[in-house]
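In this document, chain identifiers A, B, C and D correspond to the written order of the chains, with residue numbering beginning at 1 in each.
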Amino acid sequence: MNRLLQITRKDFTDAIRDRQLYALGALFLLVGLGIGYLAGSNAETASGVDVPRIGLGAMAFLGSVAAISMSYNQIVGKRASGELRVLLSLPFSRTEVVYGTFLGRLALVVAMTTGSIAVAGALAAVLGAPVSGSALLAAIVFAAGLMAVFVSLSIGLSAGSVNTTRAAAGAFGLFIVFLFRLWEGVPVAVRYVLNGFSFPSGPSPTWAMVWRQIQPIAAVRNVIAGVEPDLTVALVAYAPGLPDGEPYYVEPWFGATVVLAWIVLPVTLGYLKLRTADL
Amino acid sequence: MAAIEISGVSKRFGDVTALQNLDLTVEEGEVFGFLGPNGAGKSTTIDILLDHVRPTVGSAQVFGHDTQAASVPVRERTGVLPEGYGALGRMTGRTHLEFALQAKRAEGDPQAILDRVGIAEAGDRRVEDYSKGMKQRLMLGMALAGDPDLLILDEPTTGLDPNGARRMRQIVQAEADRGTTVFFSSHILEQVEAVCDRVGILNQGELVAVDTIDGLREAAGATGQLHVTMSSIPDGLVETIEQRGGVTSVAVEGTTLAVGCENAAKGAIVADCYEAGTVENVETSETSLEDLFVSYTGGEN
Amino acid sequence: MSWVAVARKDFRDAIRSRMFWALAIVFGLLSVGLGAAFGYYSDQFIESVPGNQLGVGLVSFVQSPITIFIMFVSAIICHKSIVGEWEQGSLKLLLSLPHTRLEVITGKIVGRSAVLAVPAIASLVIGLGVGGALLGTVPIVLSVEFLVAILVYIVLYVSIFVGLSAVTRSSSLAVAGAIVLIVVQFFWGAIAAVLTIVLDLSGDADWLYIYQSLTPNGAFNEVLSATLAATTEWPAATVRANNVDAVYATPVLAALILLLWFVVPVALGYWRFSNADL
Amino acid sequence: MAAIELNGLTKRFGESVTALRGVDLRVNEGEVFGFLGPNGAGKSTTINILLDFVRPTSGTARVLGLDAQHDSQEVRRRTGVLPEGYKVYDRLTARHHLEFVIESKETNDDPEAVLERVGLADAIDRKAGDFSKGMKQRLTLGMALVGDPDLLILDEPSTGLDPSGVQDVRQIVKEEASNGTTVFFSSHILSQVEAVCDRVGILRDGELVAVDTVDGLRDAAGTQATLRVVADGVTDGAIDAVQSLSGVSSVTFSDGVLTASVDDGAKMDVVTTLEDHGASVSDFETEEASLEELFMAYTGGGQ
């Protein structure tokens, strides 16, 4: 078997031996059942996209928190405990260790988000509420895409960190920047400084608008707009609003490129940092 | 082809120089003991062989593979018991071994390895719950997985009780008989003396001696020690012994005479004692590897 | 007092980390930035300040971002305070010395509180000073009480997270716990809105008062508002209990809840820690 | 008064694991006591109970006349400990570490003097995180010496130390012992134990199987020293004569080397008997039964 997949499988099966994970899994299940029940108990007024929409919205938050907190310690923690020395004394390359761990964690988080959304849809359908199959599938896929972004950010952070305290600080940082939307404060601050330390007036320049749209959750939202527009509202709490008109940087293809970059780049940067590091 | 070939390796961490122009060759099939004070650069040398750290200058080869460019092929043929290791997550001992076998693409029976390192009954327990000695045995087992051509053992007896240390020595012996090259770093000189064909002594990042232990003894011009315990030490006996050829030192500890001398002089000295008074006990010792070590590394005392 | 030794050691350890200095700088920038921003733009903000008082405006403008920041920072520097030493083995060194486990926890809380309090108070004094200078008026009494409140707030979160660190057996779990506590508080209001609709509770403010005082931040803000309103020019309108008739809906209740947040996490941590085999 | 007194000490972890089974042990004041046993025999558990890191299931432990649970703080005030599996504070200097201990123990030692003793005086203002393993071990030993403790508990003190570090530890233990400090010394390195300890106790599966001096253990195990004599002109008659000596057994002769198991008093008889029978002795060596062999004999680990 491929050594990369060996690492992935180890990471995945190892997590399954973790009791804490069951608590987390139960939480996802509970949220899924809750959504399904709510939809089912309002079956007359519900529409087919309600369950996928609420499910995606819940996973955007819960899944991201789970992805960050389950991944940020995965490489640097092994480095601190000495596990990395053992792995790298066996014939694994650092590439295999980093990307294998990334895939393992991703599989785990995606299993949780998928399970949660699927259970919500199933319960709602059993209780007689309408559930759009295509929307449900889209919600599952886009939740997975979002998870890939956050697992990549966290694994990249973990591979690039020297010690676990800094990785933990970085994890809180990811949380603040992306889920509490500090990201959008950046252009405001930059413009404030550029404007001679006073608040600028007038419309935002294009670079500020682009900056807001390359936020990963916004990018995912912009992709969704081209596939299943009814679902975009799920991410309204986590992503900046849309500008007037339809500039290129809110189009689905642009969003897809940005999402792909968010999935590939962070973990790769972390790997490049680790590749030449002395253990 | 040499098993390990290190040429002109230096390594600096910031402004600290860990290794200084190190050249070392370990032949295939030999058991090589790697000694040196704390901080001499032993672990750094091993880390370079495994590509855990990269040399500032110089290069190292293992079985002809460059350790940086071909790190994975190096580690495919090498079994390692690293220092400062940690358990692989929450896996059991058996799954650890299965994992190592799979990584090396080797066939092998985990239970046989567990038996061999003496933790046969602990295979299905989580390694997190192992004692330090059990972990050490498991790590040795993982190093043995896949019958490596080179074994690198960094302080393998740390935390092992005497039974475990003996078993470890037996395993090293058996591996060496099978033709495996063993690179063995340790502070416990009795262990090194018991298993190693040759030793290298590293001091402050430089190799100060490479030889067999007997060779080191001869080179250091070391002599033996003789302890003669008497009911009482008669006047004049110390002077008589000091006159003899081959005697380097005479000290009195209570009613025991401690004499440093060449081996051939021992008989005559004991005869002197016998004639002078009542001898209760006689003990001899050779220069220990410890003394040799201290003389090469300039340790205090 | 043996906890003093632990606290001093902890403080020394922390101020030698780069993380500490990074946090101190961010703290300073944040305080001065907020103070200066309000000083420059007080005319734009003053409309939204109850009573239109500049001093009140300045303090309330600084309060919210600073308390959020303190909450995050205390989570970062405290989540490993006990469990980290446990995992690494320095706890053995610590407990080989003549400290009781209670002294270890006390020392940690004092030490880490000092680590946060020193940059926080220093930055806030400068920040409020800058803001006050720009406004031409410094609300002395209000500022002093506010600084005392910030100290209390620091000790509150430090003891919560140190308690959490003493309860858990792995630092990842401590991080997860800290994230949950912070997240739940951010969504506390939204959860209330959902509950109001689902359980049809609209119009009944009594439960909402208790509900809003249940979180550490909720209880702290209520007690702070009530105290400031009673002793300074702080507007009484900010005290939530004013809008509720129930007898029990007073800041005293919030103060009791706050006291529980001080005591319970530490007590749980101590109970778990003192009964544990190392 | 005994420095350490254990009565019927039993410790179970969970339902299934019994670490100690009714251990009774008395360590006298001022002695250097070596504590041996295979991995998992319960050595660490015993030390952890002395320090109140874990609590016994039944039985009592008294340290320096104090109850190890009830008066733990006082016990630790008067005890210096080098624990196993510890970690130093990476960012603090050696001086900070000692100041911390001095403040904790409320003594007035001079950090420099303590570090001088453990050979770390040059590194006093360096961060402990940059220390090598051996330097960390010296620092921790220095911390254990603060406050002139009445009892020193050293758990595997030579772990990670190079031979000269090991010699230093041995030297410090001897100095402390000559000042009347009781030393409780746990180690796997038997040559260390033999070099410093007055008495040793061997623990096996949670039970104390032997407590005695090393010589006492040798006598009890009935082992003899091995004598090897290199000699020319050894005749069969000479060998027979050696064989008939009292206190001499299993005599063999090959390649010019005569090997025999002998009691201490009989060694020279062998040499002189050979010479009386016309052999010329060019070298001889003796080898005592090692503590390792005794250890194997008591713990059933020989294979």
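Simple rule for what comes next: a residue touches a chain if its C-beta (ideal position, glycine included) is under 8 Å from a C-beta of that chain, and two chains touch if they have at least 3 such contacts.
A quick note: this is a predicted structure, and the numbers were derived from the prediction, not measured.
Visitor: Among the chain pairs here, which one is joined by the most contacts?
Guide: The largest set of C-beta contacts joins the chains B-D.
Visitor: In whole angstrom, what separates the CA-based centres of subunit B and subunit D?
Guide: 21
Visitor: Please tell me the distance, in whole Å, between the geometric centres of subunit A and subunit C computed from their C-alpha atoms.
Guide: Result: the chain centres lie 29 Å from each other.
Visitor: Counting in whole Å, what is the centre-to-centre distance of subunit A and subunit B, each centre being its mean C-alpha position?
Guide: Between these chains, centre-to-centre, one finds 50 Å.
Visitor: From the C-alpha centre of subunit A to that of subunit D, how far is it in Å?
Guide: Roughly 56 Å, centre to centre.
Visitor: Listing for subunit C: what residues touch at least two other chains?
Guide: Subunit C, residues with two or more chain partners: 17.
Visitor: Please categorise the chain-chain contact pattern as a line, ring, star, complete graph or other.
Guide: If you draw each chain as a dot and join those that touch, you get a single closed ring.
Visitor: What chain pairs are in touch here?
Guide: A-B, A-C, B-D, C-D
Visitor: In the complex of these two chains, what residues of subunit C are touching subunit A?
Guide: So the residues of subunit C touching subunit A come out as 17, 19, 40-41, 72, 75-76, 79-80, 170-173, 175-176, 179, 183, 186.
Visitor: Contact residues on subunit D for subunit B in the complex?
Guide: Touching subunit B: residues 37-41, 85, 119, 132-135, 156, 158-168, 171, 188-191, 225, 264-265, 267-268, 271-272, 275, 281-286, 288, 292, 295-296, 299, 301, 303 of subunit D.
Visitor: Hey, which residues of subunit A end up touching subunit C in the complex?
Guide: It is residues 20, 65, 68-69, 72-73, 77, 164-166, 168-169, 171-172, 175-176, 180, 198-199 of subunit A that touch subunit C.
Visitor: Which stretch or stretches of subunit B touch subunit D in the complex?
Guide: Touch list, subunit B to subunit D: 36-40, 131-134, 155, 157-167, 170, 187-190, 263-264, 266-267, 270-271, 274, 279-284, 286, 290, 293-294, 297, 299-301.
Visitor: For the complex, which residues does subunit A have touching subunit B?
Guide: Per the touch definition, subunit A meets subunit B at residues 1, 3, 6, 10-11, 14, 17-18, 78, 81-83, 85-93, 276, 278-279.
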